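Sharing a structure, written as structure tokens. Questions coming.
So that you can tell them apart, the chains are marked A, B, C, D and E in the order they are listed, and the count of residues begins at 1 in each.
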Amino acid sequence: MARIGVFICHCGENISATVDCEKVAKVASEFPGVTVSVDYKYMCSDPGQNMVKEAILEHNLTGVVVSACSPRMHEPTFRNACAEAGLNPFLCEMANIREHCSWVHEKSDATTDKAIDIVRTLVEKVKRNEALAPIYVPITKTAVVIGGGVAGIQASLDIADAGHKVVLVEREPSIGGHMSQLSETFPTLDCSQCILTPRMVDVARHPNITLYTYAEIESVDGSIGNFNVKIRLKSKSLDEKLCTGCGACIQKCPVKKIPSEFEQGLGKRTAIYVPFPQAVPNKPVIDRVNCTYYIKGKCKVCEIVCPTKAIRFDQEDSFVEVQAGALLLATGFDVLKTNFFPEYGYGKYEDVIDGLAFERLASASGPTKGEIRRPSDGEIPKKIVFIACAGSRDPAKGIEYCSKICCMYTAKHAMLYKHKVHEGTPYIFYMDIRATGKMYEEFVRRAIEEDEVKYIRGRVSQVYEKNGKLIVRGVDTLLMGQPVEIEADMVVLATAGIASPGSEELAQKLHVSYDKHKFFSEAHPKLKPVETNTAGIYLAGACQSTKDIPETVAAASGAAAKIAGLFSNDLLKRDPLIAVVKKCAPPLYSSCTGCFMCIPVCPYQAIDKEEIKDRSGNIIKTISHINPGLCQGCGTCVAFCKSKSIDILGYNHDQVCAEVEALLNEW
Amino acid sequence: METQNIYLPYIMQIEKVSEDAPFVKTFRLKFINPEDAESFSFKTGQFGEYSVAGVGESTFCIASSPTRKGYIECTFRKAGRVTTALSDLEEGNTIGFRGPYGNVFPIDEWKGKNLLFIAGGIALPPMRSVIWNCLDLRENFKDITILYGAKSVADLVYKHELREWDERPDVKLVTTVDPGGETHDWTGEVGFVPTILDKMAPKAENTIAIVCGPPIMIKYTFPILEKCGFADEMVYTTLENRMKCGFGKCGRCNVGKTYVCKDGPVFSLKQLKQMPDEY
Amino acid sequence: MNNLQQKAQQLLESGNYGLIVGYEKGTSGKARPVFIRKAEHASKLIFDESCDQNIAVYLYRQEIKHDKKKVIVANHHTLKSIVELAAENQVFDGDFMVLAFAGNGDIIELNTFEEIEKHVATLYHGLTEAEAAMMKKIEDMSLEDRWAFWENEFSKCIKCYACRASCPMCYCPTCTVEINQPQWISVPSHTLGNLEWHVMRAMHLAGRCVTCGQCGKACPLELPIQLLTYKVALDSKQFFDSVAGTSICADNALAIFKPEDHENFIR
Amino acid sequence: MERKLLTKDSYRSLITKLIGQNYQVVAPVKKDTMIDFLKISSFDEITEDYIVTVSSAKTVAFPRNEKLFDYEKQNKKLTQQDYDFDSIPQSVLIGVRPCDAFGFHSLSSIFCWDSIDKIYTTRLERTTIIGLSCNKSDDYCFCTSTKGSPGSTAGSDILLTKMTDGNYIVEIVTEKGAKLVADFSDLFTADGGVDKESLLAKVAANFNVDDVLAKINSKFEDEAFWTEQAMRCIGCGACAYVCPTCACFDIQDESHGGKGHRVRCWESCGLSLFTLHTSGHNPRENQGQRWRQRLMHKFSYMPDRLNTIGCVGCGRCSRACPVDMNIAEHCMSIIEN
Amino acid sequence: METNNTNNFEPKVVAFVCNWCTYAGADLTGTSRIKYATNVKIIRFPCTGRIDFMLLMKAFANGADGIIISGCHPNDCHYTSGNFHARRRWMIFRNLLDFIGMDVNRIVFSWVSAAEGAKWAEVVNESVDQFRQLGPATSYQKLIKNSEFQEVE
């Protein structure tokens, strides 16, 4: 007989402010099968959990409904508590009266009534829950890390150092990511490449890491513990085994005027190229779009000069398939193209550049060898204007969120400029200064106080050229909105950070959720910041939201620790909420008709055929069978099966029907 | 209850619930209305329709003895929709009951005879009524032997009563479990009921055999009884066909001309042999 | 003796075949299914316009399912159903031979599924003019009138399940309507239970109905329930280009999808 | 038997008055494509253009869904609301063919066997059956083979026979009939002595049901016979549902929230799950056994146990059958074999 | 088919939503404290692919005035394709209901992702307004009442 315990949480006042929790508990105590129904301030607290545990023991409960927040929040908490009290954890359900009720409705009888309905529904469901045992699946202890920026590099090294195999996939010819483009890093002003390049080399050398550059994810199937990842290795037109990286081909390549992506267009590269001198691997690829041979059918200079005959013009994309237990997304970010803002003149005036370009100008390895020279004429700018929030916090034209890193790097840029051009004057137009990290505020103060960076609080309305100068027109809101006009030699836009191109497609391939800005969504904003909603797929760095380097590295190490944790077991414990083909007594054995129309329905190829045999081994009938290791529990086959021969644990026919009835009928 | 609505059940309250085996429960039921309790009577072997409002009715025998007044008991295994709903109920809940229906074990005719009860699995409940009825009128009968088997030790129902019968000097109880169903501390027999019966080789003289069990057990038990010399009219069994009404109208329980609900459920082997094999 | 009867006689006499499922003359000039086991009974067989019943339902009948020496005389409804049953693994290649008829009345022997599929490709797949007109009549009604129309029709249904029993595609040993844990559909034959039943039946025939109309023909109360399954069949064709009974290996329309499937109602 | 005459105009007045006096008047009505018994509110709804209605008249006393009682569960307590016998209306059933009328006899023998089903009996008691002799028949009719006839008065309270002039011969069969005639005595006039037989349809007696009764028991064990007989049968319930004597039913609960009712609804022995045990065992697992049950029940069990034949020869089952299982033919097969 | 009785009429609405997108989206609505009508109560499913059309029939039979079905946007399904299968199912089912004269405006279908907390509130509020306009589902509920007993057809 059902003995259900109902536990109504006030969640401080989060629930009780709009829902009469005492009434809910009282009404629920009258539901058939409810043995105990209580309310409490904080169910998830230790005393709250103890109430649940004690009730289980005292009343010998057969089911528990915790009426509180979303199951995403505390279902594991209470299921564990139930398990500790000896109740099968799958006999515990959460009735979500916070996110789905108290937070979205005003205080009223209707809100309380709705909470009662929700509780009644879950009580009827839990009555029909079955005690389930978790499923164990073997884990392939290899991680695929997607993205070779600092996040991917850090995570790969951490996982590899923990003794597990890593496959690192980078779509560019070299790992390094945006960090390799940076000059110095805030707030310490140490050289970015000096910290990063040794790590890049470590990656290349690590025996546990397989590196695929110029490669992309083609497809992913399978699930946690056993993903099957197909990787497209884009043709580099090169036999990497033969190439020694001598660079002869690059020197001789006749096409030399291609704007370098790495240099943000401020430098040039050849058609066969390595993106930057410290690239890992330091072997060239042919940019087929710009290569004369691919355009005109002749040239082959590189092939001629190559001492090891490594050039392969007819090389095609190839594929590798990797079995992996976990995936890490570390695909980073991009910056908003500033043509959103024609009034800033980006693209129109050569001397209006974005932050990344400034990084290259300031970098000792950059196109100006670290001297701040403006792109148009190579002159050293005397007045330079930095415009913060170029796109950020601007729902009308750009993006509504704060890109978080711009305040700091703009301060850094102004500082670097001042350090290099002592007589110059840097101005910064800003909205607010957000300097919340360790030593960040001090850094900004230093810029203002020691380096005399002129901070102007206000927005720039227009940048236009006049007499060879860039006139920056804005207002100073601290001076009662007085108009400000600065005759600048150069303008640097702190453009917003946005999701890396292709994020959406990648998310769809991996079935992870992403937000409306195409950043990948974490499973929980606080408690599961490096997990996605898809088990076995993790997140690190700016692909989740723009992050600075310390945060990115912290997230990468966090994700790596999660993956290493997952790999520390040989078997993976999985929720057993999977579909099963129902069997019954002979002579029917199963109501499955063996039409096998469900086979194409399954996204996981989990359905195959099973022969039912009598005692002497004769086949009586052939029915569908669901492989529990492959089934992920979507239930599409369950709804499709006409004879209702398939059911799904945790969401079975009886449960969902009872829920519908309980939701619509009072008793 | 003033009604002539033959479909209207008595309302009964569950006084006691016991879990006898995995998925098997026994309810002790009392009439809510004292007048019903007063007017109600039944005899051993009869059955009724037990119902859960909103779910439906299910047919099973009255498992208690008519000698025990003031309540009836029923034992059921959770299998279909109604028995699932029933097993969800607890003490104090109310259920519907209509009955009694069907014929009875002719225990008056058995006076002065030896009784051999042979039961398997969940078929002990119908037998339990008649066993207790006979034990409560112990002086009317000579030797009483009970052979009861189940798939496994856990599946044996009425364990406490089995112990009680075992301890009684005037009852010989033999329990058995199917091979593989025994536990390490099992002291009873191991083997299928017909096999054990064969080993027991009961004497047929002046003995009535009452057999209840799954069809496969019955099928193999009758020949052994025959071998031991039991005449067909000395062997009784009770049939459990699917029923809806309980009073010969709904048309399900026909076995040839025989209506199990009216002419049965108790049949002698002699009667059974005259019926077509459609049960 | 006509061609069919002679053919049947030969087949039975040859000993290679032991059973012919076909049509005979029934009561009041109606045709009805017949099972011929002896050559001398072959003369009972008929095949004319009255033989419009879909008899594919007998192919998987327990009593003759495993009899591999059977022949079925198939009209075009039956042929389409055989193809669909083949696609759904309910009948198996080589388990029976089909006698079909060419346009000129000649008998065609179809021994394999491939031959049947090929022959079915030559048949007309779609509603007759009269059927299409009935569909149009209902579709042209206002929503209220349509509801009133079907409410009236469903109120008459006695839930005898003749529609189900006569439909070759209704082969489930336990129909959803017979499941009581949970009770999907009200058992009593009131309008609500009837509506639920007919909607469910139609949905379960989505992508599977060969538009033979046998369910409607079988209904003793003459409910035009075939229109419901026609509706899902027409929609399957229109939305997914899926026509049941044309391919022995096609996946069911609702078992597959295309990312570009187009609807206009999801917000 | 007392005979009277009812002119067509008086017939109209009679029905109109009955309706006016709040009788539930049930009559054959052409609805959509078919003719069936329906509650009428005006004489003009009645049709006489039928051989038999699609469904039988049994629905008046044994409706396809009968609410047996209501219940309510509140606070874990159950209360029951007994069947309201007072709610059963006084009814007049018009246009019942003699075969159909006789069907009530068989039906009553089931519902009154030992445990009297008062819901059924009250419904029938409160119904006056005005039969209508058959003036036409078809290939399905075989009442004359089952001891009936197109003009049989058995089962009717009053039997009308339509004359060529459109007026009706009235035969007052029962006291209930006599009472109705007395209540409206001004509408009935003296009998003109027209020969009733000449007005009746001719139904050939192709077999004698007594022969079926005599032979069917010996056929029971002949499984091959039944399998072959039932080959065509697809196992629906149409025959039983339209049959005037089939009484098999199911008992089901219907509820919403804590309120609900128990319902008795028609079921058929032809359906494969009719006898299925929860254990999976089915005593009648193939269609041959189920078809045998149907015929045995009508021609052996009912005659033996209830002293009545379970078939009135109306031929409805054969008309309703999607595969033309003609019961008369099957009876003849039993005799022949 | 329905009378437009919108006086204080509060429709009973069931929402069948998938666990990964819309359920999470509705969580986000809560976290963002966006208000919506109390009429809608959510039942969680693993995926829209799991939602049996029979459950919609069940909801109507139990007195629902409106139903919301919501899941992941195309290509976003946590299980790859459950929502695509569901979409096909609804395309057929919706037309069938329309064919029998049911007002399909009583069923609202939407894709609401885990990020679309605001959209969920919009969908709910718009749907409830729509159902209010339609009034109680009397034509269906009449069938439920009539289901108790049918004397002579």
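By our rule, a contact is a pair of C-beta atoms (placed from the backbone, for glycine too) under 8 Å apart; a residue touches a chain by one contact, two chains touch by 3 or more.
A quick note: this is a predicted structure, and the numbers were derived from the prediction, not measured.
Undergrad: Hey, what chains does chain A share as contacts with chain D?
TA: B, C, E
Undergrad: Considering only mean CA positions as chain centres, point out the chain farthest from chain C.
TA: Of all the other chains, the one whose centre lies farthest from chain C is A.
Undergrad: Can you check which chain pair, A-C or B-D, has more C-beta pairs in contact?
TA: Ranking A-C and B-D by C-beta contacts puts B-D first.
Undergrad: Closest chain to the overall C-alpha centroid, by per-chain C-alpha centroid: which is it?
TA: E
Undergrad: So which chain is the furthest away from chain E, centre to centre on CA atoms?
TA: B
Undergrad: Just the number, please: Cα centre separation of chain B and chain E in whole Å.
TA: Here the centre of chain E sits 50 Å away from the centre of chain B.
Undergrad: I'd like to verify one number: the distance from the centre of chain A to the centre of chain E, where each centre is the average of its C-alpha atoms, in whole angstrom.
TA: The computed centroid separation for chain A versus chain E comes out at 31 Å.
Undergrad: Where the centres are mean C-alpha positions, what is the separation of chain A from chain B, in Å?
TA: Each chain's C-alpha centroid was found; their separation is 65 Å.
Undergrad: Which chain C residues touch at least two other chains?
TA: In chain C, 156, 173-174, 176, 181, 184, 186, 188, 190, 254-255 touch at least two other chains.
Undergrad: Can you list the residues of chain D that touch 2 or more other chains?
TA: 36, 64-65, 73, 76, 250, 252, 254, 256, 258, 279, 281
Undergrad: Chain E: which residues touch two or more other chains?
TA: 53, 58, 62-63, 75, 81, 85, 89, 144, 147-150, 153
Undergrad: For this structure, give each pair of chains that are touching.
TA: Chains touch in the following pairs: A-B, A-C, A-D, A-E, B-C, B-D, C-D, C-E, D-E.
Undergrad: How about chain E: which of its residues touch chain A in the complex?
TA: It comes out as residues 10, 12, 14, 20-21, 23-24, 26-31, 33-36, 38, 41-47, 49-53, 55, 58-59, 62-64, 72, 75-82, 85-86, 89, 113-116, 121.
Undergrad: Once bound in the complex, which stretches of chain C touch chain A?
TA: 88-90, 171-176, 179, 181-182, 184, 204, 251-252, 254-256
Undergrad: Which bits of chain A are touching chain C when the two form their complex?
TA: Within the complex, chain A touches chain C at residues 588, 591, 593-601, 640, 642-644, 653-654, 657-658.
Undergrad: What residues on chain C touch chain B, complex-wise?
TA: These residues of chain C touch chain B: 180-181, 183.
Undergrad: Hey, which residues of chain C end up touching chain E in the complex?
TA: Contacts found on chain C: 138-139, 141, 143-151, 155-156, 176, 184-186, 188, 190-193, 195-196, 199-200, 202-203, 206, 227-228, 231-232, 235-236, 239-240, 253-255, 257-259, 261, 263, 265-267.
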